[in-house]
Each structure stands twice: as structure tokens, then as C-alpha cells.
Amino acid sequence: MSGLIYSLCALGLVMIGLYGLARAHHGLQQLLAINVMSAGVFMLLLTMAARHPPADAVPQALVLTGIVVAISALALGLALLRRLAAEEAESHD
Amino acid sequence: MLDAILTLLILALAWHCVRTTDLFEAIVVFIALGMLVALAWTRLQAPDAALAEAAIGAGLAGALLLASLRQMPEMSATRAPGAKTTGLGWFWWGLWGALGLALVSGVAAIQTTSVSLMPQVQAHLSDSGVTHPVTAVLLNFRALDTALELAVLLWAWMAQKQLFVPGRQTVYPLQGQVLKTAVKALLPLMVLVAVYLLWRGSSAPGGAFQSGAVLASAWLMLWLAQLPGLSRKQGGMRLGIQAGWLGGVTVFLLVGLLGVFQGAGFMGYPPDQAGAWILLIESAAALSIGLLLASMVLVSMPDFQEGTL
Amino acid sequence: MTEWGLALLVVWPLLWGALTMVVPARQVTVAGGLAALVTAGLGVWAVTLSPQFLVLGNWSTPLGLGWRLDGMAQSLIGVTAVVGGLVSVYAWLDKGLPPTFWGLWLGAWGAMNALFLTADVFHFYVTLELLSVASVAMVALTPGAGATRAAFRYLLVSLTGSMLFLLGVALLYGRYGVLDMTLLAAQMTPDWPSMLAFALMTVGLLAKTAVFPLHGWLPQAHAKALTAVSAILSALVIKAAFYGLMRLWLEVFGPLATVSASWVLGLLASAAIFWGGYQALKTARLKRLVAWSTVAQVGMLVLALALVVQAKAISSVPSVHLWQGLVWLIAVHALAKAAWFLAAGTVQKRADSDYLAQIGFALHRSPISVVAMALAVISLAGLPFTMGFLGKWWLLSLAWELQAWAWLLVSLLGSLLTMAYGWRLLNLSLVNRGLPQALKPVSVARDWVALCLALLGVMGGFGGHWFWEGV
Amino acid sequence: MSWVMVGLDWLGAGVIALGVGFFVAGTLGLLRFDQSINRLHALTKADTLGLGLVVFGLVLQAPGLAVGLKLIIVWTLGLVSAALVSHLIGQSLCSQRQEEP
Amino acid sequence: MSSSFWPLAVLMSSALPGLVIFFIPETRRTLRSLLNIGAALVKLQLVVLLLLGLYAGETYHWQWSLMPGLTLALKVDALAGLFLILSAVLWLLTTLYAIGYLEHSPHRSRFFGFFSLCVSATAGVAMSANLFTFVIFYELLTLATWPLVVHRGTPQSLAAGRVYLRYTLISGSVLLLGAVILHGLVGTPDFVPGGYLADQGVATVWLWVVFVLLLIGLGVKAALLPLHGWLPKAMVAPAPVSALLHAVAVVKAGAFGIVRLVFEVYGIEFASEIGVTDLLLVLAAATIVYGSWRALFETDLKRRLAFSTVSQVSYVALGVALAGPFGAIGGLIHIVHQGVMKITLFLSAGNYAETLGIHKVSEMSGVGQRMPWTTAAFTLGALGMIGFPPLAGFVSKWYLGLGAWEAGANWVLAVLLVSGLLNAAYFLPLLYRAWFGPPPPAWPQPKTLSRVFETHGLLLFPPLITAMLVVLLGLFAGLNIATLGWVQWLIHREFGL
């Protein structure tokens, strides 16, 4: 039973992430939305793992890999945003 | 019952994080969301993932976001209050709803199927060199996945190093002895925790990523307290830091290549020494993940000077 | 021996890419150049191997990762090696290139080799992610706000694409409990979760291949990037994502890829061809024209994929070398687009301006680049004596066999559009009224690299028969 | 012997309930106080005490000595970090206040 | 079927020098001219050798498999020999003429490079042994000729180039489509004298669709009625370009394609059986009349010649469409005769433009006194076109008439008559004005190009030689080395009619 709730939570996160991405006005919001979506996808993977005890180790490994990929993508996105802000500040003054 | 409350809380936080137009608020809510998601994952019997999510997904990502926000002052101002929020047309809402329904029905259909690779994992666990299944999958069965994922982290850092632009905002330095003494006291404990996490990775939830995250926060604490630690100026540190960055990927790939000569196939280890090789790789990976994540956060600090890394 | 060679194919570029961070700036170009050439050699060597299935670390596939070296993967590795090698030579000659280019480029190359080899769906996601991070970083190499904004938009689109792809992978794992492509293909049943996974993964990859509705990011990213980078992006990086589409549609989701599904692909492809062609005709800038032509040519590739899927779905049609044709078209576009971008970049550097109105004189003074561009346009348009012509002949005869009149017409109009915007450029070179202006000194060797790539596009046509029968 | 254990459990539960009460007070303080300095005050005091009580309650119910000791360490760390963080935030707030009088 | 490399040698004899010429610097005039003329001579020599071998019963066939089921095949057969000898001879003469004509203009290396590529493409068209190879060389011809049309780089030539491209590239795609469909229906076997579609059991509707598609593809280059628009506009190109390309190479490739299509793809009996030749007949006849009619009203000399080319080329199509031995002979002969006559006219027109700056027909009066030799060549060419008895034109028109009468299509006889009258109507006043008209007080742009002759030596002799050919081909048609004898042997051997 608890598996179903968490998969609904996961899908909820994914859908909210997609909504946020469509609605975002600022680069940072877009990055946050994508990270919310990835948290949702990882949670979905984990609910797949937790369907039958013992919890399946392969999706958990995938999630670990996914988290590191998500953080590096976030870091790269933020670096680009910082540079964009600096360049626009330069072009103004 | 608890799961239901947790799910509602997570979704509420996520909705608020996405809806709010104030960036600072969005980031704070995002960090809280990360914590709750980590909690939910412990409920899903995935302690490794929960540890990683808490340390990396919420902690370091939060630090990164807050530091970067600091450097985008003029852009952080929320959209002018009067601006019409781009209401998504009914068509997009329809599409969004349909996708949601499709996903729910798809996942519901899958909920009952009982397929899992766990039996194979447990069958081969004995000659994988470690006893903890997640570490076995990560570092032995699907070793190339992890190697390339470390490469993703390294290449992201390479890009950020290239994109670095010195911060221009005024910064209020944290003087006073309190932080220095606290850091001096906490640091050995954090290193101990990191090593412990690394060591127990072979038998219980833990491993390279989690210990790497703890190491990263240790380095950050050092830098915040202006204690000499992570800076190129100190003697051999320059090469040490660069070796640290590349350490994880290069060790992993070279050991993998070695596997071909030892007859265990690419990215394979001879069964008897597997445990030793995995430990070597894990320590190198932990070190380099820690250094990379720390460097990424430091580079986004407003008062970070060019030459330190 | 072969396993060692294949392992090196992936490890060598990644290792050297990582090492470029340590090597002092002066030697980076030399180290990077050498590493690139060795990788190219390895890639060409890999083409000569016999097709095989390799299991990593001796763990059999459902648990471990599998490397599959079949005709499709081999040819793409070979194309990446050849085009990558020549673009590296061009980059080696281009002094204006920042040293970090080499680290990023080798990383992208290693990722592509791993991507073509892998037979595991999640591993495909990880390699695709490494490739996207490296490509975004390469786009951001150009100084100036425009490139950074283009890079950020590229990052966003590719991250969303990857997330959708990963969602599909999660559903697949939930449904079949297996991540290996061959095993998935064996167990695939057309039920609802599989269809959903199929749709999600396809949309994810379409975003990364910049097919029509999701192509917005490509023109800015490829136009703003440095010359060598835009050649790499247009000729190679797009193909990796398209390769993913090929694997999904032709192998993993075989039973689901029905004729009606191929119609969806076909419609998207036609829209891409016409929209890309229209924009290419309209734009006033050189590199943007070439970038829009990439959007159109990707449309042609997707159209070919739709036809092949339709052929496989009917399966009564004799397999007229189905996937060879697709790979052939990929090779045609890779060679021609790389040559076109390099030549355009050289001319733009000489004229020091990107506007078509101002490059008349520079075009006039760089005959070798003009010939390279001409050959590239001829090959893309499918005119004779080029690989493109054979590709177009294969595409038309496939469309004719399937009685797919719509796609037959679209592919014909597509190549006419290519001629139209291609000749827009060549006209400029023959007009000798370009006002004489001071041209920036650019080494002629770079023109020759572009010409060499274009000539490969022509010579390839002759050496083709061993490819069609042999592989 | 068993009723001693039951007694301990009940005592633990009661202490934990008390701790939760302090947590609620702390959060209430966070929401009600106007200036961030006061909010800082409410958070550190009430929450640390709450955490102490919860930990004490858990120690009572703890199966073995090792787990109890670990819980104590958790509490001390919580204490140290709460104090450190509140000091730092207070410091930066004051330096900001000196900037704009 | 010995796979000899002779056909390849003929192809390379003009392609390789072409590629080399591209890289010769502008100033090295003598080296370039030597290379050019040398290549032309070698090619002529090779072709003559091949024809003699062919007459002795040799077969020359070369092939290279490109894709499964698709081979690049070159074969020198009697039909190919006819077109080869025409292009070889005229390429030599036009190269001489071009060297003289482009004395001081820029980009000559580029010009001669593409010039040789274009001739090798024509040779490829002549020698292609199956439809696939034919399409390749046919399209290559477009690519090689476009830079020549646009050689001057002026806005008008660019506009003409754009029109030229629009016509030829679109028709190229249509031709490719037809070839692909045919490949889908029956595959791409080599051309067979009796045609290989007869007993393949293909639905006639598809046969018609393929024929129409291929006809559109070929019709543009053969300047059939609705698709001839580009030819007059392309007259903006320099004289040697309009002479060789639009009188010989490009236009003849289209006509030659139609001959291959009807004779060696469909087969003459099968084609007339399913009625495609009737369509061709109507189209050819309409073009003949329309071309001559439009030529009547053209004031610009080269445009008038262009429209006369439009009508003359359709004689070939007419001959093929008559589906009889005599019609076939007439049509095939006309390929060579029309080429020789038309090149004489174009070269002389080029002389007038170069030496006296004459472009308009009205400026032609009295040119006979100023440039007697060129006008003599012009007259011979014009009389030949009208079909004056001893000249080459008469022979082909005679056989066409015989073919028409034998096929019982009397209205075709009327068409031949009307077009002959129209030819006379737009050529004779021209000649009269040239010889008997009063010379104007001053020529538009008089230049003295050479002290001893009326114009530059290289400009004068080529038209004279071709005019002499017009006469010789007329008088000694019967010899087996001359066109009529060769074609009769060809028709007898190949089609057993």
C-alpha cells in the first residue's frame, strides 16, 4: 500500500516539476523545477525497488548515479547563470 | 498514515517552491523539500539514496543555490508585481493533465508486477567483493555507470572552471574566534565520519558519494573559517588539488583497464581481490567527489578570488 | 585483444581529457591533438572488427552492462572517428581556440564512443548526459552573453530531455525488471506502460536531436559556437541522440513501432524539413544558415527513420539494407555538415563578420573553402557523384516500395530546399563585385581540412559497396 | 522486571511528548516574533531543549547502551551546531545593521 | 563483356586536365591553352580509335558497383559513338575559339576548368550504359554548366543562372524520381537495343507515369515546349558557352536522353504500341513550330538563334517519335548536323559581337562587306538550317520527311514544311541585309583584332571549319564514315529494322 502512495508522490513531483519548468520566468526557477522533476523520477525508481522486500539494489544504485548527475548539471547551470548575470551587468554599465 | 502526511507535505512544498516568484524563498523551500524527500526515501528502505539526497541533493545543492543567488542581485528581484503571470492556456493544462493521468495509470499497472534483479544481485553478491548489495551494484556489476558518472561530475567542474567570473558583490567577512575554534573542533570528527562512511560502505549503507559529501562540507567549513586548507598558494597543494580532481575517474578507469589484463574483462576485478580494488576505487572516488563538490561551491562564493583553486 | 582495444576506445579520450586539466596551457593543444588522433585511429580500427557482444566485468547481462558492436554501432564509431579526427586537425590549426576546448572535446568523444557501444538503456542515459554536459560547456567557450544564453537554453532542453528519458527508463525497469536492450527487445509486449515509456523516451530524444517542435535551442547554440565546436555539435553530437532514436524504434520497442507511430515521426520530420529550409532561406547570417540547415537535415534523417520503421512494421518488404541506408545518411550529413561549418567558419574569420552581405569578398578570396562548401551542399542535396546522391536514391526507392507517396514528395522537396538555400551561398562566391576589404590572415591549411572532409563525402560514394554488402 | 521496562517506556513517551511541546513553542516563536534576532532567540533555545528532551525520552526506550550513547552524541552535535549557527547569523545581522542605520 | 577501361580513359581525358586547370594561376596563359588543346586532341584521337574498333565489332564496357543492384557502367556503343564524335570535334574547335574570345577577361582558369568538366560530363552522358549512370552524368552536366552560365558575375548572368538552376535542378529531381520508380519496377539493367520494358508485365499506367516523369526530366534540357524557358535567358553567357553548351552539349544531352529512353529502355515497337511516342510526336511538333515562330520576332541575334535551337532540337525528338526506320535515321543524323550548323551560327554571332559589337539583328546590315568570311560561314549555317539541298540540314529533313510519309502521319509533313518556311522567314532577310544592306556609318564597338584577317585568327577559323563540315556532311553523307552511313549501319545492326 505504501508503495502506491509514494509512486503517486513521485509522479506528483514530476508533474509539478514540468509545470514549474513551463511557468518559470527566471533561469534559477527553471533549474529548480528540473531538480524537483529529477527528485520525482528518482523517487519513482525507488518505489519500483521497494515493491517487494528485500528492496532491489539496482534502482538504488541508479538513483545514486542520478543524484550526482543532477548536482553536476545544477552546478553547471548555475555557473552559466552567474556568468550571464556578470556579462549583462557589464553590458549595462 | 505517516506516508500519506509525508507525501502531502512534499507535494505542498514542491508546489510552493515552484509557484513562488521570490527566488530566495524558492531555494529555502527547495532545501526543505530535499530533506523531506530524503526522509521519504528512508521509508522506502533506500538508506543509501536517502543519505546521498540529504547530503548532496539538499545540503550542497542548497549551498550552491544560495551562493549563486548572492551573485545575481539584479536578476533576483522578483518579477514586477503587476506582470501577468503567463497563465498556461487551457490547451497546456489539458496536455499536462493528460500526461499526469497517463503516468498514474501506467505506474498503477506496474505496481503489481513483481520483477526485480535482486535475486541475481544476491546470487552473485558472494564473489562481488562486498557484502552490501548497493555498493556491489555500483562498483562491480555496473561499474562503468559509476565511472562515467564521476566523469560527468569532473566535466561539469571543468566547464565551471572555464566559466568562472570573479564575484563583484560586497561581502561581510565572518570575524571572531567562535567559528575558527568550532571548525577546529568539528573537523576531525567530520573526517572521522567520512572515513567511517567510506569504510562501512562495503557492508552497510554508505560509500564514496556520502563520504565525499561530508568531505566537501569539511573543506567548505575550512574555507569559511579562513583557515589555511584548500588553496593553491600553499606549496604542493596546487598539484595535490588537481590530482584530487582527476583522482576518482582516472583510478576507476585504470583499474577497469587493468581488469582486462587480469582476465576479469573490462571494468571487472579478479574475484578474490575484488574487495581490495573496490576499496581503493572508493577512497579515490570519495576524495575526488569531496574536492570537486567543494570546488564547485567555492567557485560560486561571491568573494572567491581567481587564484585559490 | 579486441576487448582491450574497445576498452581503450572509451578510456583513452576520457583519461587524456581529464589530464588536460593538469597539463600547462602551452602543451595542452599538442597533448589534446595527439590524444584526438589516437582516438581517431582506435575508432577506425574498431570498424574493422567483426560484430560481437561483450559483457563488462564478466557479469552476464541482466545484472551487468553489455557492450554490443554490431554494424550500426561500428559504422557510427567509424564516422565519429573520421569526422572527429579531421575536426581535431582543424582545431589544432585554429589558434583562437581556448585550451579547455581539448579537455571538453575529448570528454565528448569518449562519451560518444561509450554511447555507441553500450547495450544498456540506463548506461545510454549516463553517456548522453556526459555528452550534453561537455557539449554545453563547449558552446559556452565563446566569449559574450549570446553564447552563454544559448548554452543555458541548450542545457535546459537537454536536461528536460534526459529527465523524460530517465522517466521512460524507470517505467521500463518497473515493467520488465531488465535494462539490457536485447533482453528488453525480446520481452517487449505492446501494453500500456511500455507504450508510455516509449513515448516518453522518444520525446526526450527528439528534444536532444532538435527535431521540429523542440528545435529552438539549436540555431543559436550552433551559430554562436566557435567554428570547430559548431562542426562537432552539428555533425556528431546530434547523431548520438539520433542513434538512440534508431535503437529505440528499430530494436528495443520493435513491436510498438507500428505504421501509425511512424506517421507521427514522418509528420514531425516534414515539419522540420520545411521549417528549417524556410528559415535557412530567410536568415541573413552565414553560420545561422548552416545551423538551420542542420535542423532541416535532421528532419530528413527522421523521415528516413520513419520509412525504415514502416518497412520493418510491414516486414513483407524485402529488407533492402534498411539500417545501412540510415547509417549511410548519417555519414553523409556528418561529413558534409562538418565540411560546411569548417569552411563557413574560416570564411567568417577572414571577413570578420557573419553577415552574408559582408562576406562576398572573403568568399571570393577563399576558393578552397567555397569548393568545400559547394561539395557539401551538393552532397546534402543528393546531387550526383556524392554519397548524398546514393543516400537519396536509397531513400526514394524505399519510399517507392512502401508506396509512401507523402514521404516521397517530402524528401524530394527537402532536397530541392537544400539546393535553394545552398545555392544562396554559392551565388555570393561567383559575384565578383564584393567590395575589396582588408581580410584577416587565416592559414590556408584550415581550408584544406574542410575540403578534405568534403572530398571524403564524394569519395565515400565510390567505396560504398563494401559497406552495403560487407558490414 | 517487565513492568520496569513498561514503566520506562511510558516515562520515555511522556518526556518525548514534553519535548515535542517545546518544539511547537519554538516554531510558534519563529512565526510570531517580528525581528529576525528574536526569532533566532526562540529557535535556538526552544528547539535545542526540545531536542534534548526527545533524545532523553529515546534513551529511556533505547534497546542497548550503544544506541543510547549514539543518541547522546547526536544531541551534543545538535547543540554545538545550533549555537554556532545562531552566533554566525547574529553576527552577520549586526554587521548588516551597522551598514544601514 | 570484357571490362575494358577505354570508356573511363575517354572520360578522364577531359576530366583530369579540367581538375588540373583549376589550379593553374591566371597568368600562365600558354600552359593553360596547351593543356586544353592537348586534352581536346587526345580525346578526339581516342574517340576516333574507339569508333574504328566499334566498326570492327569490338565492345568496350566498364563498370563499378556502387550499391547492391546499382552499378556505374560506361559502354561505348554505336549510338554513344555518334554523340562522342560530335562533342569531341566541336570541343576542340570551341576551345580554340574560347582561348581567342576570353583574351583579357578574368577567371579563365575557372572557366576552362568547368569547360572541360562539362565536356567530360557530356561524354559520360553519351557512354552511360544504364539509367542510373545516365542520371548521374546528366545532373553532373547541370552542375558543370551553371558556373559557365554565371561566369561574368553580372546581375543579368546571375538572374539567368538562377532561372537555369530552377529549371534544371527541379527537372533533375523529377528525372531521378522516374529513374527510382523504374528501378523499383524492374531494377536497372543495362540499355538493350530493343528496350527491356517490353515483356516485364508492368502496368501500362506506371509505364506512362515513368515515361512522363523521364520526359519532363529530359525535356527541360532538350528544350521541349513548356520547359524551354531557360534557353533564351541563358544566352547572356559568353559566346563559346552558348555555342558549345546550348547548341551542342546541354541541349543534345536532353535529345540523346530521349533517344536512349525510346530506343533502348522502352524499345521502339513497345513504345509506339502503348502510345507514348504519340505524346512525344505532338510535343516535338508543337515545339518545332513554336520555336521557329518565336524566333521570327526576336530582335536580339543570339536570342533568335536560341529559339531556332529550341525548334531544331525537337526534330530529333520528332524523328524518334515517328517510330519508323527512316524517322529514326533522320532524327539521329540531325543530332550531329544540327550541332554542326548551330555552332557555326553561334560562333559567327560571337565574332560579330566581339569584333563589331553587333547584338541586334537590325545592326547586321552591311556586315558582309566588313567581315566577308564570317558572314559566309553564317550564310552556310543558315542555309543548312533552312534545309537547302546540298547541305547537311537537307539530308536530315529529307529522311524525316520520308519517315513521316512512311508512318502515314501526313500532318507531320505539313509541320516540317511550315517550319522550313519559318526558318527561311527568319534567316533569309537576315542574310539579305548582311550581304546587300548598306553598312552603317560606324559600327557599335569596332575593334581591329588582327591586322591580316577581319578578326582574331582563333575567332575566325573555327566557324569556317564548321561551315565547311556542314557542306561536307551534306555532300558525302553516304560514306560509312559520315553520319548518314554510320546511322544506317547503326539502325540496321542495332534495331534490325
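Read from first to last, the chains carry the letters A, B, C, D and E; within each, the first residue is number 1.
Heads up, the rule we're going with is that contacts are C-beta pairs under 8 Å (C-beta built on N, C-alpha and C of every residue); 3 or more make two chains touch, one makes a residue touch a chain.
Being a predicted model, the structure only gives us computed values, none of them experimental.
*Asks:* If I drop chain C from the contact graph, what connected components are left?
*Replies:* Leaving out chain C yields the groups A, B, D | E.
*Asks:* Moving step by step between touching chains, how few steps can get you from chain B to chain D?
*Replies:* 1
*Asks:* What's the fewest number of moves from chain A to chain D, given that each move must go to a chain touching the current one?
*Replies:* 2
*Asks:* Need the most distant chain from chain B, centre defined as the mean of C-alpha atoms.
*Replies:* For chain B, the chain whose C-alpha mean is farthest off is E.
*Asks:* Among all chains, whose Cα centre is located farthest from the one for chain A?
*Replies:* Taking each chain's C-alpha mean as its centre, the farthest from chain A is E.
*Asks:* If I average the Cα coordinates per chain and compare with the overall Cα mean, which chain comes out closest?
*Replies:* C
*Asks:* At what distance in angstrom does the C-alpha mean of chain E lie from that of chain B?
*Replies:* Distance between chain centres, rounded to whole Å: 74 Å.
*Asks:* Express in whole angstrom the distance between the two chain centres, defined as the mean CA positions of chain C and chain D.
*Replies:* Averaging C-alpha atoms per chain gives centres 58 Å apart.
*Asks:* Find the geometric centre of each of chain D and chain E from their Cα atoms only, then give the gap between the two centres in Å, rounded to an integer.
*Replies:* 100
*Asks:* Taking the mean of the C-alpha atoms as each chain's centre, how many Å separate chain A from chain B?
*Replies:* Taking the average C-alpha coordinate of chain A and of chain B, the gap between them is 12 Å.
*Asks:* Touching two or more other chains, which residues of chain C qualify?
*Replies:* Chain C, residues with two or more chain partners: 63, 122, 126, 129, 133, 136-137, 140, 148, 167, 174.
*Asks:* Considering chain E alone, which of its residues make contact with at least two other chains?
*Replies:* In chain E, no residue touches two or more other chains.
*Asks:* Indicate the residues of chain B shared as contacts by at least two other chains.
*Replies:* Residues 103, 107, 110, 116-117, 121, 141-142, 145, 149, 152, 155-156, 159, 163 of chain B each touch two or more of the other chains.
*Asks:* So, with touch as defined above, which chain pairs make the list?
*Replies:* Every pair of chains in contact is listed here: A-B, A-C, B-C, B-D, C-E.
*Asks:* Spell out the residues on chain B that touch chain D in their complex, using ranges where they run on.
*Replies:* It comes out as residues 172, 174-176, 178-179, 182, 185-186, 189.
*Asks:* Could you list, by residue number, the parts of chain A that touch chain C in their complex?
*Replies:* For chain A paired with chain C, touching residues are 14, 17, 21, 27, 30-31, 34, 37-38, 41, 44-45, 48, 58-59, 62, 65-66, 69, 72-73, 76-77, 80-81, 83-84, 87-88, 91.
*Asks:* Could you please specify the touching residues of chain C with respect to chain B in the complex?
*Replies:* Chain C reaches chain B through residues 3-4, 6-8, 11, 14-15, 17-19, 21-22, 54-59, 62-65, 67, 98, 100, 103-104, 107, 110-111, 114, 120, 122-123, 126-127, 129-130, 133-134, 136-137, 140-141, 148, 167, 171, 174-178, 191-193, 196-197.
*Asks:* Across the complex, what residues on chain E touch chain C?
*Replies:* Spelled out, the residues of chain E in touch with chain C are 64-68, 70, 106-107, 132, 135-137, 139-140, 143, 147, 150, 153, 158, 161-162, 165, 169-170, 172-173, 176-177, 180-181, 183-184.
*Asks:* In their complex, what parts of chain C are in touch with chain A?
*Replies:* Listed in rising order, the residues are 63, 122, 126, 129, 133, 136-137, 140, 144-145, 148-149, 151-152, 155-156, 159-160, 163, 166-167, 170, 173-174, 179.
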